[in-house]
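Residue numbering begins at 1 within each chain, and the chains themselves are lettered A, B, C and D in the order written.
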């Protein structure tokens, strides 16, 4: 699977203090959304502090550093670098000091009008130090704050300038805010623990700090905590909501609930629909770890064919792993995924992956199964056919590298050496999130982009 | 689950060179057997080199260091510190120079007569620099080498002194050896890749270097590679073989095959036997990640009750994780294991763990399930009741801390707040490894120790 | 000696490339001007790269990093933190991207109107990320660039806003510039190596890259290299020039020549004038390492009393040194400076330090000499009496801590337990730099500040 | 100057505790004797602890680590690697556990019979883990301890086996010992602070912990502290004593006193004798930093020609410095030593270095002086002509690389491009240490080796 992960954001307001430590646990729960860099900013006695660096949460923060960051508000960020260089200087939260005090911003998503905004503001005198969307967002909020009576008004006004995906947590000297773009591309939820409020990309981060789920931030909404109270305003004239479907299929943790839809249930459903669309005569159903596993269970439930583990994933293969040379790409896959011969040998196998992008990894995966003795390999993709890139933060390669944009299903089946192949039909996509309060963005399968 | 993991050993002899890199991949595959420290020693042109340090394989070795270690033989080790201090100085392989040249030893297991051996040899003039078994084993091998015509004879002679568990890989200037104690407590297998030979704790490490399984090293056997040929001698007068049953239940990777028994199959069988012994009226079967998952699948298959994922494990909680304070132990469990409410709520749950040691973690796990809405929680342990410690390397606490040594099943059930509780009957233990060519050591359940 | 050191700046334009490496050697030569942090920014194919961090030059840069920074222009900076926190985020050069491209600035000095400038620009919409003067200077240059036809004009226009001390090196996409404040508080010189041009705080940095001295940048001048040619413009309406006298007495390396005056000669002259003003009957003249040593040689030459080394300085006592507790301050001095008993015992000693600030270190130094057997200790200060703080970057404590602002010479003599005491008369200050093309700032001795 | 430096040893016994911190300060004072690695071992409640690593004292120890090492006895070591690989594993003190308890050894010097000893003991069953002399010394002491009634007797007996240079500090569970080889090649002294005793390579280390000098350890003597009392025994049948003359000329700090001879005085005397032997018509006398400076002052005093500083040494050029490529060797010298033009230009210069080994650095040094405007350069060496290597720890290259072993003085003068050249006559060597209680080893000038 070649799709990459998204960033994670977290915010907490707790007058009992200790917020840096809560942010630490929250970021741990969101680590799957980005392993490149992370950071925590806190406010204590109006004083802003920040620590951020490249590396995993467990590498960046020591106990002493967390204690030093102590505060009554904190925001945090885990970063997956969507745009090239992801060094230390692009780590978030982004912090700045301006005439109204301090400001810290953490951002998940991708703007589509970054360049236009930069040019516009640079001609007005703006100077940017980084190449991140976060800095331009922070800049516009700060500029609008000079014209506004409050930070929440400034955020709402700033949102009028921004086109694309953003789920933000924002911290001023006295307020903690969360904002979600009018389309609702990326998730953002609200939790409560006693008198404290928590904002997070996913509900699993609420669980990690013993907060209970209150509700999702609505598309186009700004919520904020002020004097212990939760407040809200919402952008007028909103487009139809469009949550990125890959939050359900790939990005989010299965124990999260996004826009009232359980991620786990959504993946199970994808598997069940695959079973209905593509019934196969087979002995076993397996999934490609990690994000294909739940759909495989759904297929097994629906079809009655037994589910089994087909691969053991090496949990230690991480950022520092030294890969074998180019000539040994198959070995590289196997170092990470070892087939479980006991489950595969002499069996007809249905194998489910979350999606098929370039096709190269899929071909190697199938080869591993055949080498382990599979009699037949029936490949199914829990996502429809990718035909177009994403402009809202999902890291999909350009069209020339998308196998489904260039070949028919039969051609792909031959190229990956499968006995049969099926993709979830795009018209079933909305059915995998029946409880969701949001619409679905499926532009990468349909080219029906929500914005120009 | 509170049992700790074992060390892993790896050795390779390949006249094409590049052995350090193979050892690196082998150790990656064995990383689950020890995350405390690791090391690789190589021989090139009779010259011994070694790099070892505390940390994970991915942290200790850079590409440049692997290249510098290049050689035609290599041995490697991943260490779980069974005895207190596990700093850099106790990392393995242990290397030494003596009158016959160089020697390197990597060791998995635990001797029971360490202190007696130390005293005996110190009075003969030995001086030890570390507190590890490995050093005394290396010392005795080197001493015996002075009286022997060959290194393999020296290893066989050394084995007469050693009581307890050991699976060794040994490297002299010209030969690579592997040796397993006469009881066969710890696994050790042989693989082949073209002209190259590989020794490893588990078969998953053979897979990682594209070697095919040849056979296991037999209890009491010494095998060695010399001039490209595999040779063998075996200790006379051997006791019955006794492989540690926790290799099947807990230590080994499910994709490994130990003494001809698939680890995955063994865990499935444990679950199936639990289903026969403890039928329950329930809506779902779940396992405690990671080592309870396969048994849960076995229970589901046998019982017909659907299997589902019950917890999502945070894969990033590692050595550097800063835990919450003592008052928040339950939170500490939850940061690692988050229950999947969608699978649990309003359901009667059978939950399977690999074993129950102190009972404290089990109680917290059950509480998490009840908080997530479980109607009933039926707890099953894939291991029998622990009543006695292990002297051969498995890290089981003393009797006063073993809940099953102090309470009846009903008392334990009340203490952990389960609706019912069952342990795999000890008499079924041998049945979970029907294909194994070895006997089983079950002393921690029976006090029937294989040595005095 | 308790005065602290200044920052160092360096710039090079060489179409042959390899400029990062030259900057590295230049910063090594300027390391004495700041050990807190350092950085190098380069331009290659219009692309700006920068690496900076806290630490010494030798710690921050590896060979691979220097190679990666390769370019045809480079600027560098070594930082002594004059204002509190000196972490990684305040390291220089400061780099930014704006509508006109890239800009990098390295700065030595201290503005006196920072706060007023910040407020003024923040109300116009500026947002600052750091608390450094460098950022505000870079911001103003970038702002002025939007109104100007060239970067050099922007720098000249920016200088009209800045009050206080600054010696800058600036790098735009195509030009390398150097600018010095109209008073000329801090040094800045120009060198040449073949077709390449070099700018540096001191001539010793020119020597380190085999460049030959061309001339000093004049107070109020902006010079720049464009298409291989050196150009210059100069601020109109300049005040009288006022180089900080401590560049001669303390900050600069003795092998540097500043504004045509050899630093070494200047210190020798200070010693000679002390000998004329304060003739003593003594057996030996010694200096307090390092900056008192040359003045002591000057005293010896003028007086005919033999010079000798009086202390051996421990060269390894650096940033990481763990000091003894408060109760052992004398020991702390001695760990750094050990008296040379052979030169002191049974002798009447004249000892020269570069200045006397609080008096506490001086008292301990004299005690060390008495303990080593000195019969008499005659203390002389190569600087006049400190009576007032500095606002231009020299780290002098406030008046209440300046011993000479609170006590007469006789009282100080008693407090430091000297047999006699003398300070260089302030009216001789101008005589120690007879070759200098600049006037001298002596405000810390006279309260005659060059700006309000 | 190409001679390398020696190791430093330190030991302290203080019932008030805090000995690790004293060892830290002592090693700081001895850092000039080795920058490769360092370590401290302590005894507290009979428990031996040790921390050692490659790096400077200030890099290896943090405050927390020093506190953790607290004890009533400590020994320490700074290492200059005389034999190839100097990694972490060869750092000292060497510690071991044996039947009689714990033992720690720190060693300065070089044995000449290492190989013979190794072979002898290996045939008796010894196994060595490192390639250091220290390990074999520790081994022999431990072996002898098994046959002896006390550790001091064991050390005396071990000394009978050792040929060559060694100054040792040794720590057993209850005693601190110091031992010096019968020739007295390397220095070792005794100090006292209240009830505490201190042993150190040089007196400057006594000063650093406020201890007063008691006396030197005599050649062939073992001293030890037991129950707060200092005791001594001495080897019978000793050869004439032969302290390495480079301790006076090069290794030791000028503020140290070795065998009753001030190092500073000794260097002054060398300069004075040079002045008598080689009177020159010149305007200035300069020295090559650091070890040629004092001899230059001696020459100036004796000749009446003014002394001046000729070079400024860059104090920051250390282990991590990235040197220019091979083609720029002259630049490499200049980055470290910058000539002081003000002192040299248009002058006839006498320049004194501590010795001339290969001649290449000397040629570059003279070129720097000529480029800085020297009219004449008269080179003098404070050491006689090197004609033979050293087997006792001084790092002198083999004969083919010693310029004086291959060329006449006139030929050397031409090769280094000096106007004249002189070496201290070897017959004057004994005169530069008139107060020394020891004889002098001058084998590298005379081939008169004290042992075969």
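As a convention for this text, a residue touches a chain if its C-beta (ideal position, glycine included) is under 8 Å from a C-beta of that chain, and two chains touch if they have at least 3 such contacts.
Remember, predicted model here, so these are calculated numbers, not experimental data.
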item	value
Most distant chain from chain D, judged by the mean position of its C-alpha atoms	A
Listed pair (B-D, A-C or C-D) duplicating the A-B contact set, over half by residue number	C-D
Chain A and chain C, separation of their C-alpha mean positions in angstrom	50
Inter-centroid spacing, chain C versus chain B (mean Cα positions, whole Å)	61
Distance from the mean Cα position of chain D to that of chain C, given in whole angstrom	36
Multi-chain contact residues (two or more partners), chain A	none
Overall pattern in which the protein chains touch one another (line/ring/star/complete/other)	ring
Which pairs of chains touch, using the document's own definition	A-B, A-C, B-D, C-D
Contact footprint of chain A on chain C as seen in their complex	95-99, 119, 122-129, 131, 138-139, 142-143, 146
Touching residues on chain B, where the partner in the complex is chain A	21, 24-25, 28-29, 31-32, 56-59, 61-63, 66, 204, 207-208, 210, 253-255, 257, 262, 264-265, 293-294, 297, 301, 306-309, 311-312, 314-322, 324, 331, 334-335, 338-343
